[in-house]
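Labels run A, B, C and D following the written order; every chain starts at residue 1.
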Amino acid sequence: NDLFTDKEDSDSSLASGSLSIIVLGASGDLAKKKTFPALFNLYRQGFLPPSEVHIFGYARSKMTDDELKDRIRGYLSPSKNATPEVSKDVSNFLDLVKYVSGSYDSDEGFQLLDKEIYKYEYEMNRQEGMSRRLFYLALPPSVYPSVCRMIKLNCMNKSDNGGWTRIVVEKPFGKDLESAEQLSSQIGELFNESQIYRIDHYLGKELVQNMLVMRFANRFFLPLWNRDNIDNVQIVFREDFGTEGRGGYFDQYGIIRDIIQNHLLQVLQAVNPIKDEEVVLGQYEGYKDDPMVPQTSNTPTFATVILRIHNERWEGVPFILKAGKALNSRKAEIRVQFKDVPGDIFKCKKQGRNEFVMRLQPSEAIYMKLTVKQPGLEMSTVQSELDLSYKQRYQGVVIPEAYERLILDTIRGDQQHFVRRDELKAAWEIFTPLLHRIDRGSLKSLPYKAGTRGPAEADALLEKAGYTQTHGYIWVPPSL
Amino acid sequence: NDLFTDKEDSDSSLASGSLSIIVLGASGDLAKKKTFPALFNLYRQGFLPPSEVHIFGYARSKMTDDELKDRIRGYLSPSKNATPEVSKDVSNFLDLVKYVSGSYDSDEGFQLLDKEIYKYEYEMNRQEGMSRRLFYLALPPSVYPSVCRMIKLNCMNKSDNGGWTRIVVEKPFGKDLESAEQLSSQIGELFNESQIYRIDHYLGKELVQNMLVMRFANRFFLPLWNRDNIDNVQIVFREDFGTEGRGGYFDQYGIIRDIIQNHLLQVLQAVNPIKDEEVVLGQYEGYKDDPMVPQTSNTPTFATVILRIHNERWEGVPFILKAGKALNSRKAEIRVQFKDVPGDIFKCKKQGRNEFVMRLQPSEAIYMKLTVKQPGLEMSTVQSELDLSYKQRYQGVVIPEAYERLILDTIRGDQQHFVRRDELKAAWEIFTPLLHRIDRGSLKSLPYKAGTRGPAEADALLEKAGYTQTHGYIWVPPSL
Amino acid sequence: NDLFTDKEDSDSSLASGSLSIIVLGASGDLAKKKTFPALFNLYRQGFLPPSEVHIFGYARSKMTDDELKDRIRGYLSPSKNATPEVSKDVSNFLDLVKYVSGSYDSDEGFQLLDKEIYKYEYEMNRQEGMSRRLFYLALPPSVYPSVCRMIKLNCMNKSDNGGWTRIVVEKPFGKDLESAEQLSSQIGELFNESQIYRIDHYLGKELVQNMLVMRFANRFFLPLWNRDNIDNVQIVFREDFGTEGRGGYFDQYGIIRDIIQNHLLQVLQAVNPIKDEEVVLGQYEGYKDDPMVPQTSNTPTFATVILRIHNERWEGVPFILKAGKALNSRKAEIRVQFKDVPGDIFKCKKQGRNEFVMRLQPSEAIYMKLTVKQPGLEMSTVQSELDLSYKQRYQGVVIPEAYERLILDTIRGDQQHFVRRDELKAAWEIFTPLLHRIDRGSLKSLPYKAGTRGPAEADALLEKAGYTQTHGYIWVPPSL
Amino acid sequence: NDLFTDKEDSDSSLASGSLSIIVLGASGDLAKKKTFPALFNLYRQGFLPPSEVHIFGYARSKMTDDELKDRIRGYLSPSKNATPEVSKDVSNFLDLVKYVSGSYDSDEGFQLLDKEIYKYEYEMNRQEGMSRRLFYLALPPSVYPSVCRMIKLNCMNKSDNGGWTRIVVEKPFGKDLESAEQLSSQIGELFNESQIYRIDHYLGKELVQNMLVMRFANRFFLPLWNRDNIDNVQIVFREDFGTEGRGGYFDQYGIIRDIIQNHLLQVLQAVNPIKDEEVVLGQYEGYKDDPMVPQTSNTPTFATVILRIHNERWEGVPFILKAGKALNSRKAEIRVQFKDVPGDIFKCKKQGRNEFVMRLQPSEAIYMKLTVKQPGLEMSTVQSELDLSYKQRYQGVVIPEAYERLILDTIRGDQQHFVRRDELKAAWEIFTPLLHRIDRGSLKSLPYKAGTRGPAEADALLEKAGYTQTHGYIWVPPSL
């Protein structure tokens, strides 16, 4: 019950000593653009002290340490920031990096990797079993099982003398329930749950955590949080760009697997089967211009899906999940819309409903739409908002990049921002029947123009579900 | 039930034609400093068109029209604003003013006054009974009855052919239940309730109206508004100045009559008798330096009083009324403090309770104190606030002076911002026993230093009543 | 707020001394069948001590005291009960009765009546002004004004030295808002509200009072009593007999004026206008066989009317009023039906909703329909009821006739079971537009067979309003 | 979420074919008095068809089949019931019984047992792996591990071809957390959870199940079920007899292990540690007269323990567990006491609070204590109850003995009335610290006289916890 306990508990395991970070797939795009830059930023902030940390790149390509370093150097700091101080840091950071070449399914490569890691650990004079090994799989899921087997057989920290071995994997975790469970089983036979760190679509997790705090740390939400008061809940992820060259990859997954499924991770109890009439799919015009996308593709780049939760608290309240690419704006938010005021003495229906909004993008904010008395002496009302714009309230607080934070969590052994196996399974159970219907083509994606709100049918679905848009209301961003 | 209906109904009575505004006590301080300037501002905004309006001053002093005009001219516009345009307006406004001299208890003066008014109405070519007469009593309450009788006998609009006669009076309305009821009866025999406009301590009324809108125009307050969720309610009026030369007058009333009693006007159902142990009185050191204040004065300049409402919704919730003079700050607000979070998983008790605050002074704002997730990736919490600062949100909206607005309401026949007789009676019923105990000296005022928070005993009483102050929290005013 | 206070207050007025009960219309049916028998029963129970009480009959017919006594004797006790003891009581009771003859609109008769009353009071050696005079108008409403004027002019208790004069009238009080207000005004100019006792359709009042106690004296109703939990409320008055010779009288009023309007007396805040589509009217076949009923009569003998209350607590909850004559059963009850269980884990929807029922007829009972675990070890559920059958629980408690009690209340000055003028007005305001539509014939009564449930359209209306009948459930009356 | 699903699922496993019921400890008291009579009753009701069922007794004693049959025959039917028909049934039932002798820890005996079972199964012409074997351990827990190992090694149904092997064990399951977990582990290594049926103290389970249905199958409990409305909950098990010859056994466990711990099985989320000041222990005078009870025994025969649940719904509501032996009455009930009525207009506080009571013993009933209007015309109130007495409502429904039902559940594979391992563990975690303090003697049992309510300190504790007893209220059992 105490959400802080986990953290304190995890402190009891080893928190210092030799730390080897092994980036598997070191020559690939993900490693280059995301993993190494994140490691570099952690290094600069002092979280990866050179006295303890060594970084290993591993991939199939034959190349020297310097070739790897040249490849990643440019991504560590944008050229415009290249002050002498930063250049010095880059250079020192790259001194920690070593490259090992090998295949992903043979013992030889991993035995060599283990030897290199051990050599470094030995130099650090660590006792056996007290070293920490973090394997970051910057690789496609198809090779996860063989790579995990190789690690298990050849590269584990030698005893449980306080040290550990941890595996970081990234989604996609399967394409449906069956493939996801197969992947989970294969990895699960090799590592137990506490050693596996699945990186979630970060934004959704952060939004849901914000919401948990709001709900459970504030007395005034207690009586509000139920079907009597809440009319509908929307979880929205809009992007204003398309697949941008990743069309071939994206086409195999689609917007539901890519984004929507993840929103559910905290709310997946008692979800009724999704009905086709509560789904609107879209595909933006131009999506198939990508040569890697088949001309017959039905893959949705936009989806609005209504979930119905069958329990005492939420029966009858639609949870509306919206995600899309190539739309007219970029937005990530949760919007809780309250019901109309019964016995409305101030005739405020026309002004719009109360709404509670937590926004993560474009800029972090929390606000409550409400009706207030017009300032002044007239007894008339107007819709306004109680507002907490983080940027304004917390000026100067630097919000770290998600990747940096997640790597740090892995080192610290804090799993709360990662996806548990049962969460993953539950989300697949809900979505797999729908996904199969889409894959079979029995549910079609409607075309929409890039740069628009998406298919008009989606707005119609929202309205049918009870969502009431406030017209004539414009949010005035507080000036800085 | 529809708060807007009254207004529409009132529109059916005469809203144009000759309008005579008669300021009784025209030579006094109140008229000079408040009434005439308010009339001037209404004039400048076009609410008192010269084609319809005439203004009459009446007082005992013998003087000419010009002498009256000279006396008030300086108060109409601060010299620093004296642009040629303003000077022109002042001059035009004063053209509408005529002075009549007479005593407050003889028919002659009022017959003369009536003649002057009628002369003007006749010039306007109005039919008899269609003229509007507004009598503003800028006088002490002791002469209200005789003045009202004189008006009734000599100065009424002649028929009910759409015109009207209205009386504006200002508090204090009596010193206790008996004297207030006597005053009400004397006036009530002469005028019916719809003709009498009692000006309230304005601030309290505005705060309470804000609260009514918040409560009844917002769905999310519906389930919150009761003893299950609300721990205590505070209504606070702090002033940072003392009696400033009005000590002799103030000493006859004290802070409870002057301020606290008025807060009640909307919440006076089912109030239990006030207990001495739920009252803290104070008198600031230096109060008796005013030569008009008796050296033995026990009159409170500070009071904290807890009201207990005996009904299903509020039993057990203390309503804490606080008012004081010569304190360390100036503040008018309603503060609703919610209960602690039960089953507190985020251990947010230490951070402080949720509070909903409506502030009228020093600057109008509404905010909700709540606990949010620290921005960033840590799962930790911090107290913050959802905020609506009117100045920031409604830049450029001019909030009119209370007096102007109230005069305008009187002309329009909108009584909702005024005190009804039954409200007045109910408030006196609650406070009279306490006031009599103070007058008898069985309840003592504690001394406190000017420029402080008031007697420490008041804070102790609040704590005993359940109010939990948040320590270490500082409200950050949004920057403009 | 304290419902017991009124009673205690009323004790301060005179409760003993000479008491004259004057039955106006003494020779009529109502007096014979209801008024005198009720007085007799009060006498037998000791509430009308012969040392204090005298009874006067007044009517236009010329007859002797004995002729009046002969006329009423047979109604005082059914012949089967005629024990010698009862016969003795009858005889003693009749000794208290005196007859006075006169017209209802001339001073002479009432001056004579006053003289007779005074003579008796004088014999009792009462001081002037200390006597009590209760005038019971067993007369049609059309003569109320003139009779009241005669009483006022000629028959009042002489001073307010603790004694009093009270008037009891019976409905109907007018035929619509205008006629009712006219009647109220005419009587109101003569007597103030505290002297007038309007007898309501008693059953409704008792049911509503039961409901008030249930609601406000039981903690468990507090959170249930609102639109979130209650689906609909039914107030039912079914009679299994027709107009039985009173058709001519009934035809002028109809079932809505006769019964339905009275139910409202406690719930008349904020009722929306009644819509035609939420009304079903019926007239039983055979109703027009009464020679006094016009062949073109559209007068309803059955009505189902849905009221909609526009406030925060009840918006959206239909209040269904049902009344009818010549139906298949006799029933007076209030039935509160709760909403369905959300997130229904026990699949109890099929078993029926929770209902709370207060029944006054055919036998007084309170019960709560609920779902329980089948007795035994199976985990299955069944609908049952928590039950309070008054007869079983309170065996031997004699429930007095309404008329007796109301006369006693009048003597005691307890007005809470009577109709206040503002209640009456409010009820008429709601129903008058509907009644005028019926009178104009724009709303038709549907024919139904006597001895049935009434028109099938009424059941359809209920279903449309959300009422869900439980099928297959049979209430098992507890055996004695 | 659907409580009926489990049952349907279990139907998919084998529900017919050869069924061997093996009673281990066949010569002991429990087998004789409880197990065999329960089997006989199931047989008589047709649940154990002779064409499918064979019963094996197993124990260390050397004896013949007939000697076992003679030993148990007398317990199968009370002599007074010995009609010829019953005698015939007894005789036929005993024809199904076979005795096998062997030790509880050697392979030989169990191999012999297996051979006998197999022989019978072979006669039934069942395919291997399709037979059902139910082992009922009518034995002390100390031999559970060795017996389970012997069964596992020697007596299992041979494959999972639809058949099964199930183990029934009875409490006590350990003496504290450590010993219970050890026992669970030892059995858990041999059988998985779906094969183990732990028989609970039946009464508590039934009561809690009744409560679950009441709560979740009735709409009107939804808004009531929380700290805002409920003041306290009592779960009471009173017995009016002492240890009666079982003192030696009982002394090792005491009332908390014997009874109280089991009540928790459904409510064990988030229970705070039990505080000594919220515990009252007692030991009745005469308890130590049993020669098997040590003279220094501190073992409680009475306990009142208050549990505090730390979550949003229940924080602040005491759950009061009461159990005792040798008291003045026998009672098993759950009593939910609601809070006082706020703003109590009917002054019903003096009459007592609303209570909802589910009683299992002495006779099954559900009732709601509430305040009603006195029948009749007085506006006064009285406490009464809405009542459902099962005996009256369900006359003629035979409620089966718990043991019969549980054996039938085992055959059917329905585990919902049994204790899960995690439930058991959670209950021990809560009580073990308290039990250790009692065992160490740091918490003393207070003496109380047999046949009383127990120590007066227990009533004082209840009052301190907020329980308000209704004085002057007597429940009137409905007459039959």
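The rule we apply is simple: a residue touches a chain if its C-beta (ideal position, glycine included) is under 8 Å from a C-beta of that chain, and two chains touch if they have at least 3 such contacts.
As the structure is a prediction and not an experimental result, all values here were calculated from the model.
Colleague: Name the chain whose C-alpha centroid is most distant from the C-alpha centroid of subunit B.
Modeller: D
Colleague: Rounding to the nearest 5 degrees, give the angle of the rotation that lays the CA atoms of subunit C over those of subunit D.
Modeller: 180
Colleague: Between subunit A and subunit B, what is the gap in Å from one C-alpha centre to the other?
Modeller: Chain centres of subunit A and subunit B, defined by C-alpha means, are spaced 55 Å apart.
Colleague: When the centre of a chain is set as the mean of its C-alpha atoms, what distance in Å lies between subunit B and subunit C?
Modeller: Measuring from centre to centre gives 48 Å for this pair.
Colleague: Could you tell me the distance, in whole angstrom, between the mean C-alpha positions of subunit B and subunit D?
Modeller: 69
Colleague: Which residues belonging to subunit A are in contact with no fewer than two other chains?
Modeller: 1, 216, 222, 228, 270, 310-312, 341-343
Colleague: Considering only the defined contacts, which subunit B positions touch subunit A in the complex?
Modeller: Touching subunit A: residues 1-4, 7, 206, 209-210, 213-214, 216-220, 222-224, 228-229, 338-348, 351, 353-354, 356, 364, 366-368, 370-373, 375-377, 379, 381, 384-388, 390, 392-394, 397, 399-400, 402, 405, 416-417, 476, 478-480 of subunit B.
Colleague: Touching subunit A in the complex: which residues of subunit C?
Modeller: Interface residues on the subunit C side: 227-228, 270, 310-316, 341-343.
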